[in-house]
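Next come two complexes, and both contain chain A; in the first it sits with chain B, in the second with chain C.
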Partner chain A sequence: MVTSNSYLESLLQGRPQLPPSPLAWFNHLRANAVDRAGTLKVPTTRDEEWRFTDISPLAALSLKPVRAASSLEAADVERFYLPEAKNRLVFVDGVYMPHLSSPTGPDSAQDPEVVVVTDLSTAVLAHAKAIEPHLGRHAGFQDNLFAALNTAFLHDGAVIIAPRNVAVENPMHVLFIATQSGAASHPRCLFIAQDGSTVTILEDYVTLREDVYVTNAVTEVVLGNNAQINHIRVQRDSAQAFHIANCAVSLARSSRYRSVSVALGARISRYDLNTRLEDEGAECAIDGLALITGRQLADTHTCIDHAKPNGISRQSHKCIVDGAAQAVFNGKVLVRPGAQRTDSAQSSRNLLLSAKARVDTKPQLEIFADDVKCAHGATVGQLDNEELFYLKSRGLSEVAARNLLTYAFGAEIIERISIASLRHRLEQTALEQTKKTEL
Partner chain B sequence: MIHQDSRTLLEVRGLRAVVNGIEILKGIDLTVRSGEVHAIMGTNGSGKSTFAKVLAGHSAYEVTGGSVIFEGHNLFDLKPEERARAGVFLAFQYPIEIPGVANSHFLRLAYNTVQEQRGQDELDPLEFDDFVREKMKLLEMNPDFLDRGVNEGFSGGEKKRNEILQMALLEPRVAILDETDSGLDIDALRIVTNGVNQLSTKDNAIILVTHYQRMLNYIVPDFVHVMHAGRIIKTGGKELALELETRGYDWVSAEQRAVAGA
Partner chain C sequence: MSAVLQNLVNQPYKHGFVTEIESDIAPKGLNEDIIKLISTKKNEPAWMLDFRLQAYQHWLTMEEPKWPNVKYPKIDFQAISYYAAPKSKKKLNSMDEVDPELLRTFEKLGVPMHERAALAGVAVDVIFDSVSVATTYKQKLAEVGIIFCSISEAIQMHPELVRQYLGTVVPVGDNYYAALNSAVFTDGTFCFIPKGVKCPMDLSTYFRINTEESGQFERTLIVGEEGSSVSYLEGCTAPKFDTNQLHAAVVELVALDNADIKYSTVQNWYAGDENGLGGIYNFVTKRGLAKGVNSRISWTQVETGSAITWKYPSCILRGDNSVGEFYSVAVTNHYQQADTGTKMVHIGKNTRSTIVSKGISAGHSNNSYRGLVRIAPTAAGARNYSQCDSMLIGDKCGANTFPYIQVRNQEAKVEHEASTSKIGEDQLFYFAQRGIGSEEAVSMIINGFCKDVFQQLPMEFAVEATKLLGFKLEGSVG
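Presenting the complex of A and B:
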């Protein structure tokens, strides 16, 4: 039996080598997180929030600290690049790779009209005023071991700041590449859309090898008044990897947050998305797709927190589960007292493709205001017989008909991705992954 | 059109079928030869759609007796998709919607599957697009319907047109059109029936299921059959439909009872 302490020790190993920051608040934040991480326990299935997701295989791993990040060349990773993106931040095993990245130049520090896309170490110095109120303030780590660990390792990270009233046309690409077996990395992102700005960001997790490793990510997303963020998140880690991620989103007045997250990889993945509509008239649309097979487990926990009146939330979460895989969805919608005229709709639709596949889905509505519209629904099913018959009556084989319907089920979410090249790539991946061969 | 050197396409003998433990088809006999147009009429619930779906191979219906020979082969040896590829086509009374599957993609898959079966060239998306647009012109269908999900949000009449578009693409040997006329407006009925007539040759056959003479004004049947309680109880020429239109069905079943009692 591995105790949580030895696990934490192994995870915290790499930390002391982190250089201190010249900024006191930054060091303070990190030190707090280290203390907190030391007191929190690895969650087990006895914890309500982790009821269906047994991470003991993760706790049993002996992890190595990340070695000096491997010397990758552009040619090794170019295939992951996004043609639409002008600015790209690349991290290898959590370490920032300037030579693979194309951040915005130093002039962005001076010009209040120019978007900032750069790594955390650079950004905290150049944009301390913009960053300090947000970094570590939204993704709380008091009760969250993984967020605490990530913050304890705070060093490299991606920072994107869209300045007031600027609509950034091209998407920004934040790419995390895993290359080392047995390594634990702690990706960190801070995305800020200041008042009236608009930006599209892809947060992308990929691997160069089918191997065991741990990704423990934390992302904070901040939207000012009337700001808009399109946040696309794609997790295509190795099928042996562990992927734990926390994302905290804060929406100011009349801001709009759209997110599409797609989980394809990892042996065990867990994504916690907490969206707080902090002021009136904020809107969020949160879509998710988990496409898993074999012995994979994909767990998505979302919370949409309506704190103020006239908020709108839309959520569609879909899971396609094959083999002996398991999907978990827990979708909480919280309407606080006073959040009148909240309009919220949530749907969880799940497709089980094999007898051993399983899904646990739980919509959770907590409503403390009386003038609200909250709809939710969950379905778990197999492919529809009448649809299959219709396709077969037109000559499609059983297998072709099943593939087409399975693909279509997932495509509904993928189609909502606004970046064309990524959409096509994922459509292709989904086609291949849902494709069973003719017997 | 009945003609001299016609071949037997479909030979149904004593067909019985059960759904959910209830016998719906109670011994159907029907012979369809190439070049012919057959109309099947009959009261609601008499088993017309059941017959059509049994021919197409729907798994909800269990065949409990009789035989169907299609172009010399036992139809029941073939899976639904094999029947489709061999040339059996059913235009559904209630075509279902398949959201998420683009109509153009679906139509091309279906077309290419049948082409492959016939040893003919498959078309890539661009080639198919040109091809299908031509076929759509025949039915005066807006090409926008290619970009939508299969039947997704289509009106009743639009769904029926989409069914006939599929018939035009697949060029079946035996097409069963189950109440294709219902839901079509007056102009659409003329357009769609005109399309069907253009697809009708001396080598294929059409079975129309309908309640009304108006469709038969456009597609003139060689035979009119009356289905009642899971059986064909009367067969006549095109004038039988006119007679049914004025007299209803009671006299047919009465006549049939009299024959059975005699």
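Presenting the complex of A and C:
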């Protein structure tokens, strides 16, 4: 295995090309992250947090920095667009593509009623006041190598700011397209919903080629008092790619965060979602689906941190595992001292479709308050024989019955996506992926 | 209301007293010479000394486990005396010959053992510190071919059996404390149930740590041959001390084809005072190997004592159709810390396991359930059901659940559920309405909460456990 330092050097290679920002705090943040990344080691299966996910194949890669200037035209990527989304930010290998994007105009800086959808380098200048308290403050990189690396590469990124008391109707589409073989990109998102606002955001990872590459994403989501964010995350990377993502969510008083994440791609994917209910009465609903086959590994680590009283959290995570794939789930629910009347429910349900498939799941509760309602459940199993029998008694073939039940298992999560066209597309994908022609 | 709870919780330890009996204590510290001394004192064969030395070598290379969710000052293993034996050397033939001081101790514990032995028909192999001083009912057991004696006696009398099974379930290098135990264990229990024999009575051992600053390293080995069955009871109490005492026991169970071993524990060692001072460190390795087809291993535990409990009675289900069970009630109060649970490793086909764990935390205590269910690729048709419920009393305590589920076989079915609750005002109000005071109401609610586990205990133990929980939590609910 490559030693951690030379590996980091190879990852940090692209950095000198980044132009310094006119903002001192921005440069400072980046410099801190570079220093931190230099001292952290690549996690191994000996680290509890990475116990079931061996990323040594990732560490063994020799990676190139992303070559700038992609020549992609709208026609190449149009099929990924959503009819519902009026505003779209497109990044190719982590680099912002103005000609493919449709951000809100510069007047958004003046008009407090207009939602801001733009790239990070524009946003930090125009909205520094809104961004500075949040960028790099929620996704901590002190102990997280991948977050540190991402922050070290801080340049392009997606920024969405929903202003006070504005309910944004149309969903916002943030599209990350991977095109280069052997490249490491560091997508970055910052979503802010100010007090009383509502917004729906799709964070979408796709590829144009089946190739080896690394995506190392960091997303920070901030909700003000009474704000609401519907966050949809779809990962459709190449089946040979590596996808590492950290998402940190901060909820203020009575805010609501809904998240649906769907993982279909990547050779190894790892999604860390940390949700912190920082004030009273906050609510979150976090749902996930991993649909994997072949030699894929999908790892989801979530932490729901109830720091204040009267919080509500709901989580349903499902994995459908075929081939020799491996699904990992670690869902932690933490109820801090004083977070009374917390109501939390979590379920991890897993469907094994083949003899070589494996699942490692660990729903975890840590409770330090007595007036709480917390429950979690986990199941691992296969399709129910009685359900199969029922369908067969209605004239379905064994194969059709199995496909239908497998699809239905995953559809429960997909149905929670609020964007109709995306839901439809994912249903099709799930139907195809779960379709087996023979047993 | 919480004042009543506080009183319940703050009950002093009822069994805190020290018996003054002369002890033969080895110098403090651990090295090869000490191990040789223990081995020589116990007049052991050479293979036994090799076993100990091998374990010691392993131990030297190992580190204390850091992953349990417990905090305690670093233990100085060189400040512990590894051998203490009561001075009385002559063999005893009846209870009358037992040191009256010793008998008084049992009296205080509420275990009048001759009475108990006669009335309940229980054979009590009394362990006082580390050497077995009196054994009853041996004759009766010997008639059906059951060997039930101290492990040091077994090493003398049945070396071939001990050698065949010792260390096969918990290898010498298994974990830090198991390695330490393998190197220095001074006594414990050996039980052998021959082919086809159903043990006519419940077997029981009372452990008691006595000499201050002497760790106790128990070693228990129970072997059930083909078609045999046995129910084994272990109960513990210890006197009150301010310095922490280390207890690192190892229990190994081996069940061959169609054998059935049931192991029940009620643990009420000194837990430290209400400020968290003193108390026993209970770092135990318990594991059962369901080696044969259709074999069954069942663990039931009621953990109320010890400053720190670190214990995972486990089942390795190797035989096809074998069954593993784990029923646990863990109660923590004041500054007690418990990290306990089980491991169910399914290897054989159609193996089944059930886990029922109830954790109750009060005061400033911390109670963790940590469990592993692993379904190996070979375990087709394996089935597991786990349920772990926690109850919190007061807002200064913690309840944690860490269930690891690892499934490598598509034909397996694993279910896990956990919940957390508290004793609700409305429940207490309902009781009050019917003229039942809060203290009694709490006791009833808790007993209801733990019912699934208490049902698994042998009769006498169930009564004792119910009482124990009652006074453990006296004054803590309101």
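As a convention for this text, the second predicted complex is superposed on the first by the 436 of 439 C-alpha atoms of A that agree within 3 Å, B and C clash if a C-alpha of one lies under 4 Å from a C-alpha of the other, contacts with A are read in each partner's own complex, and residues count from 1 in each chain.
Here is the rule we use: contacts are C-beta pairs under 8 Å (C-beta built on N, C-alpha and C of every residue); 3 or more make two chains touch, one makes a residue touch a chain.
These numbers were taken from a predicted model, which means no experiment stands behind them.
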Partner chain(s) touched by A:Ala411 [first = chain B, second = chain C, both, neither]: first
Which superposed partner A:Ala420 touches (first chain B, second chain C, both, neither): neither
Which of chain B and chain C A:Ala400 touches, first, second, both or neither: first
Which superposed partner A:Ala74 touches (first chain B, second chain C, both, neither): neither
First, second, both or neither for A:Glu386, with chain B first and chain C second: first
Partner touching more residues of chain A, whether chain B or chain C: C
Chain C-facing residues of chain A, complex: 48, 52, 337-338, 340, 350, 352-382
Residues of chain C defined as touching chain A within the complex: 67, 375, 377, 390, 392-422
Chain B partner contacts - residues on chain A that touch it in the complex: 385-387, 389-398, 400-401, 404-405, 408-409, 411-412
In the complex, chain B residues that touch chain A: 56-60, 79-81, 83-85, 89-90, 92, 95-96, 98-101, 105-106, 109-110, 113-114, 117, 149-150, 166, 170
